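Shared between the two complexes below is chain A, which pairs with chain B and chain C, respectively.
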Partner chain A sequence: MNARARAEFEILKDRERCCDCGLCAKQCANGVYSVTKEGGWRIADEKCVNCQRCVEMCPTGALKVIKNRNAPRSDGNWHLQAVREIYKQAETGGVLLSSMGNQSDMPAYFDRIAVNASQVTNPPIDPLREPMETRVYLGAQNREVKRDANGQIKPEGGALRLEVPVMFSAMSYGSISYNAHAALARAARELGTYYNTGEGGLHRDFYEYGANTIVQVASGRFGVHKDYLNAGAAIEIKMGQGAKPGIGGHLPGEKTVGDIALTRMIPPGSDAISPAPHHDIYSIEDLRQLVDSLKEATGHAKPVFVKVAAVHNIAAIAGGIARSGADVIVLDGWRGGTGAAPTRIRDNVGIPVELALASVDSRLRAEGIRNRVSLVAGGSIRNSADMVKAIALGADAVYIGTAALIALGCHVCRSCHGGKCNWGIATQQPELVARLDVEEGVRRLVNLVTAWKHEMEEMMGGMGINAIEALRGNRLMLRGLGLSSRELDILGIMHAGE
Partner chain B sequence: MEIYAKGMSCEQLNEAVRRCTDKRIDIRACNGQRFIACAGAGRSINVYGVAGNGAGAYMESGELRVYGNAQDALADTMGGGEIYVFGGCGDAAGYAMRGGEVYVRDNAGYRAGVHMKAYDKQFPVLVVGGRAGCFLGEYLAGGIIAVLDLHNEAAPLGEEAARGMHGGRIYVRGEVGVPLPECTAARRAEAEDMRLLEPYLRKFCAAFGGDVNALLADKFTVITPAENARAKRLYVSN
Partner chain C sequence: MEERFAEGNVRIPAGCAISGFIHRDGRLSDGGAIITSIATMRERSNGLGGGFAGYGIYPEYKDHYALHLFYADKVVKRECESFLEERFDIINLSKIPVRKTPGVVDAPLIWRYFVRALPTRLAESQLDEDEYVSRCTFDINTHMKGAYVFSCGKNMGAFKAVGYPEDVGEFYRLDEYKAYSWIAHGRYPTNTPGWWGGAHPFCLLDMAVVHNGEISSYDANRRNMEMFGYKCNLQTDTEVITYIFDYLVRKRGLTLKEACAVIAAPFWHKIERMPEEERARAEYLRRNFSGLLITGPFSVILGYKGGLLAINDRLKLRSMVVGEYKNTTYIASEECAIRAVAPVLDRLYAPEGGEAVIAEVMR
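So, the complex of A and B:
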């Protein structure tokens, strides 16, 4: 019942252009296209996720995917999405499962913040002609400066050096493909930054990228062992994730096959369950214990990140984490992406990262402990302007996940949980994975981050700032647009015009 | 090598252990220093006194013997080797343990053996001589937990044992004594079940004393995941 009404998209095939090559059917893992007994095309609109693969691949440009013009009646309260979700639940009794970030159309605070520029009273800087410092160190902020025999300052012990303040955020091998991980790892190395393994362990082929790898430890402890902990440049304890704060994860047995099981170090075909809590962490003291035990296991050589979802009392939580001995706090906002999360959790739990970041930075400063830790913000950094604003709100660096995947060819069809990604990213089917060209992927990721770096330099130059250090937490460079005074207070910025 | 640990911080103690190249290290007057034998491999470490939190965490191989009690998070994410505790242990022992064997002579605290899992040739085993606290073997995915209740206390297990268990087995000497969740099945251990447990009981008795044959002749209950324990299809794609 209601299959046609549930179809979000309809496919228009131009009969005049179509050359009946059948490529669309071969390209679509969702089985939208089939040939009838009579030799005609049967098109199952309801199976289409609008990933645009067939449209891009069609040699004659005969295909278009559009919003289904046929739709049940909807209004300002009963949006089509709400009606369709009820159809699905009434039919199956299932919990709604979605992929990627919160799609709420509430405006991002980033979009309501304007950046400053120098005029007359202080000169802007031209980044093409003058040096711009975009290098950032994460962790070990308060160690004393040491010099070598030649008087050169030695790099701070164990701190991560980022040539550009962007890292690729945690996406496990299992949630994304081997080729996607390969591209992220190689791009991170080329860019002088880091990618994150996520909680699915580190594939043996990628140990060679260890110097640009952050290894994650989550509640399921999949693939966590001594060599893994020592393989990366840093260790991230995942306490929470912006897309699904407060709940765990479950990779069903059908997906834990082959190298996925091997890398997670579980028997093939067994459910990989990440409990909602770490059952050895019920307090800040317990967190400290895990931080310390990871440091012991790695000879105190690696910074430890603690990643939490942005939630209501985040400032107090971050204060606790800063005192737990962690080197870096990662704040993941409510728009953060995911390979699979219950829709209701994703769209209703947690708070925007802009507010969380500002309040955490303020609190840590007020308590005089901001220099003990670095702050990394994630949860929908979409472009260089978001990055610049995040840094001015108090971040040392940002994490990008979805943006990196889009660079790799993701078309944001939000169907990662189905495992049939036609672009070879969120899938483990070998014939689909092979579609992602690693070389090309590396090139596109490097392009993206390099372009962002240039844009950031231009914005910094415009503000008369030539080093990230001077931008971090520099909220005087920001003004709010159409925000309430309460919102401005929390963001710690003035309104435009003030 | 022998280390007199009194007054040492855990960093100092573990640094001393890391630097030492001896295969055998005795730590005397240990007073709760944490992370002893953390990520340890190929060595025999004897602790006299109380081993603090996180003893044997990420341990790879070798042996850790604690002549006294161990505190919380014993054998956290342990991968291999053997741990003997000549006393009791605190909470969360063997969390996410993937391999190796842990023998605790007396009682274990809350949340012992949570999320243990087996992998390839790695097979984690946790044997508790006394009783175990609440939430034993939650999310158990692989390996063996045995609770021997040798001191015949009120009940061998606390409440909420084996919640979310989907692999592995839990042995309890005598009756379980608490309600078990639907995802599990409990039955009297048969000869075949006892054959699986026997080598570990032998090691337990060899370390702590006791008559292994009498123990093997006792009635044991074995808890396994129920036939249909696979997580239900809870979700609908949106």
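So, the complex of A and C:
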């Protein structure tokens, strides 16, 4: 019942262009295309997720995927999606699952913030003629200055060096493929930045990229052992994720196969369930002990990140983390992506990262402890302008996940949880994984970040700023458009025209 | 003018002229030469602010803090004086002598107090005397509307007003003071400042800063300094630059050269080319105090006890030249301002961007 009404897309096959090569059927892991006994094409619209794989691959351009013109009646209250979701739940009795970030049309504050430029009273700086510095160090600052017997400063305290203020955020081996990880790791090395293992452990092949790897410790502790902790340049404790604050994760047994099970250190075929809390962290003092334990295990040589979902009381939570001995706080906004999350949680729990970031930065400054930690913002940074605005609001650097996957070929079909990614990214099926060309992936990731760097340099130059640290927290460079006084107050910016 | 557009309530960018000199042999000279020098660059100011600072001008009270205050009226003066009496031993107080000058009008009440902290109050505060004086200054400037401490160092003093600098010098009778170093400023603000506090130099304890430029890192710097307890009441670049120097040198124990390696840090590509130990130190300074890097155009002369420091932004987006004749070092926005008082020079050069020039009285 209702299969036709549930179909979100319909496929138009141009019979005149079609050469009956059958490539579309071979390319579609969702089984949309099949051949009838009579030799004609049968197209199952309801199985289509609109990943565009068949469209891109069709040698004659005979395919188009469009929004299904057939739809049950909907209105301003009962939106089409709401009706379809009820059909689905009435059929399965299950929790609705979604992939990638919150897609609601609630405001993205980044889109309502304008950036400044210099005119007359000070000069813009041309990045083609003058040095423009984008290097960032993550970790505690403003440490006490120590001197040797000759009175010379003794440089102390490590910090994580990024040549660009962008890192690839946590996506586990398991949620994404071996080839996707390989591309992220190699691109991070080429760019002088970092990628993040997520909570699936670190595949033995990728230990060689350790100097550009952030190893994650999450509530399931999958794949965590001493060598793993020491393999990376930094360790991230994942307390929460913007796409699903307050809940854990679940990698089904059918995906924990072969190397994935090995890397996670669990029996093949067993469900990998990450609990909602860390069962050794029920309070802030427990977090401090975990931070200390991880530092002990790594000889106090690695900075420790703590990643939290942006929730209502985020400013106070961040204050607690800053006092826990952690070096970096990662704020993940409610638009952050995921391989799978309950739809209702993804779309209704948490707050936008812009507000969380601004309020955390302000609070840490008010308490005089902003220098103890660096702030990284994610969820979701879509382009270089979002990045520039996040830094001016107070971030030291940003994390990108979805943007990186799109660069790798993701078409945002939001079906990662199905495990049948036709682009070889969010799948473990070897024939699909093989579709992702690592070399090409590295090139595209490096291109993306390099392009953003150029754009950021142009914007910085326009503001008369030639080093990224002078942009960080420089909120005078931002103005709000169409925001209420309350929103401006929280963001700590003035309205355009003021 | 509307209150909401007054300096302190809005940020007013300004262009400027700066000048200064120091007799490295400790010789004293009156304010005549510095007025001549800054007046040469009249083009660079617009009559909305001028000021001076001299070092070594109060030898008879050299161990006392010389507080220079503006008062809007007698009511706030009484309030402020009772505030001072509760906290300080005031050994001398007087109006700062002025001469009526057509170019300087609407003067507030201008008073001077030579003070030491009351020993009991100082002990109670658990602070050193400099910090005690600095906090009292912030208290007055932040909370006492209509009262403003514009100079609070020892054996030095600032003199400033709305007007052209040569008129301001005449107004304050600078020809009657003798100093081993002088700095001066002519201001070109883009908006009417409304009152005298925003003129340069900006002072805290023994430091006095004159500055030409508009820094693009302002809000990043301000928010950092406010975290360390400084209040940026004027919203001017000069104010925040002074606080950064005070913080790095007095509170964090950096040398002036090291402080310059923070505010006008060498570019990373230059740091990479330094010898290993120097490279590690430069990288450390930049990374440990990254929020205090200043970008955008600036030329600054910083006066301090026994010396002058001059520094440009990293790209040298503002003109500044240094001249030397015998035992005197001159610094100015333009060469003409030096030649006006020292036509013959042993040496004249333009320091590179980020290059700190330090001239001190020989011991």
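The rule is simple: the second predicted complex is superposed on the first by the 482 of 498 C-alpha atoms of A that agree within 3 Å, B and C clash if a C-alpha of one lies under 4 Å from a C-alpha of the other, contacts with A are read in each partner's own complex, and residues count from 1 in each chain.
Note that a residue touches a chain if its C-beta (ideal position, glycine included) is under 8 Å from a C-beta of that chain, and two chains touch if they have at least 3 such contacts.
No experiment lies behind these values; they were computed from the predicted model shown.
**Q** Scan A:P252 for contacts with chain B and chain C and give back first, second, both or neither.
**A** first
**Q** Check the residue A:N2 against both partner chains and state whether it touches chain B (first), chain C (second), both, or neither.
**A** Touch status of A:N2: no partner.
**Q** Is A:Q429 touching the first partner chain B, the second partner chain C, both, or neither of them?
**A** After superposition on chain A, A:Q429 lies in contact with neither partner.
**Q** Is A:N383 in contact with chain B, with chain C, with both, or with neither (first, second, both, neither)?
**A** In the superposition, A:N383 touches no partner, neither chain B nor chain C.
**Q** With both complexes overlaid on chain A, does A:Q52 touch chain B (first), chain C (second), both or neither?
**A** A:Q52 contacts neither chain B nor chain C.
**Q** Give every residue of chain A touching chain B within the complex, in rising order.
**A** Residues in contact with chain B: 85, 88-89, 91-98, 219-221, 224-226, 229, 250, 252-253, 265-267, 270-271, 273, 275, 279-280, 289, 292-293, 296-299, 342-343, 415, 417-418.
**Q** Mind listing the chain B positions that touch chain A in their complex?
**A** Result: residues 10, 14, 18, 34-35, 38-39, 41, 53-54, 57-58, 60, 72-73, 76-77, 79, 91-92, 95-96, 98, 111, 114-115, 117-120, 122, 135, 138-139, 141-142, 164, 166-167, 230-231, 233-238 of chain B touch chain A.
**Q** Which part of chain A faces chain C closely enough to touch in the complex?
**A** Those in contact with chain C are residues 118, 121-123, 125, 130-131, 133, 135, 137, 141-143, 145, 152-153, 155-157, 159, 365-366, 368, 370-371, 463-467, 469-477.
**Q** Tell me, which parts of chain C touch chain A in their complex?
**A** Residues 11, 13-15, 190, 213-221, 223-224, 226-229, 252-254, 258, 265, 267-269, 277, 280-281, 283-285, 287-291, 293-297, 314-315, 317.
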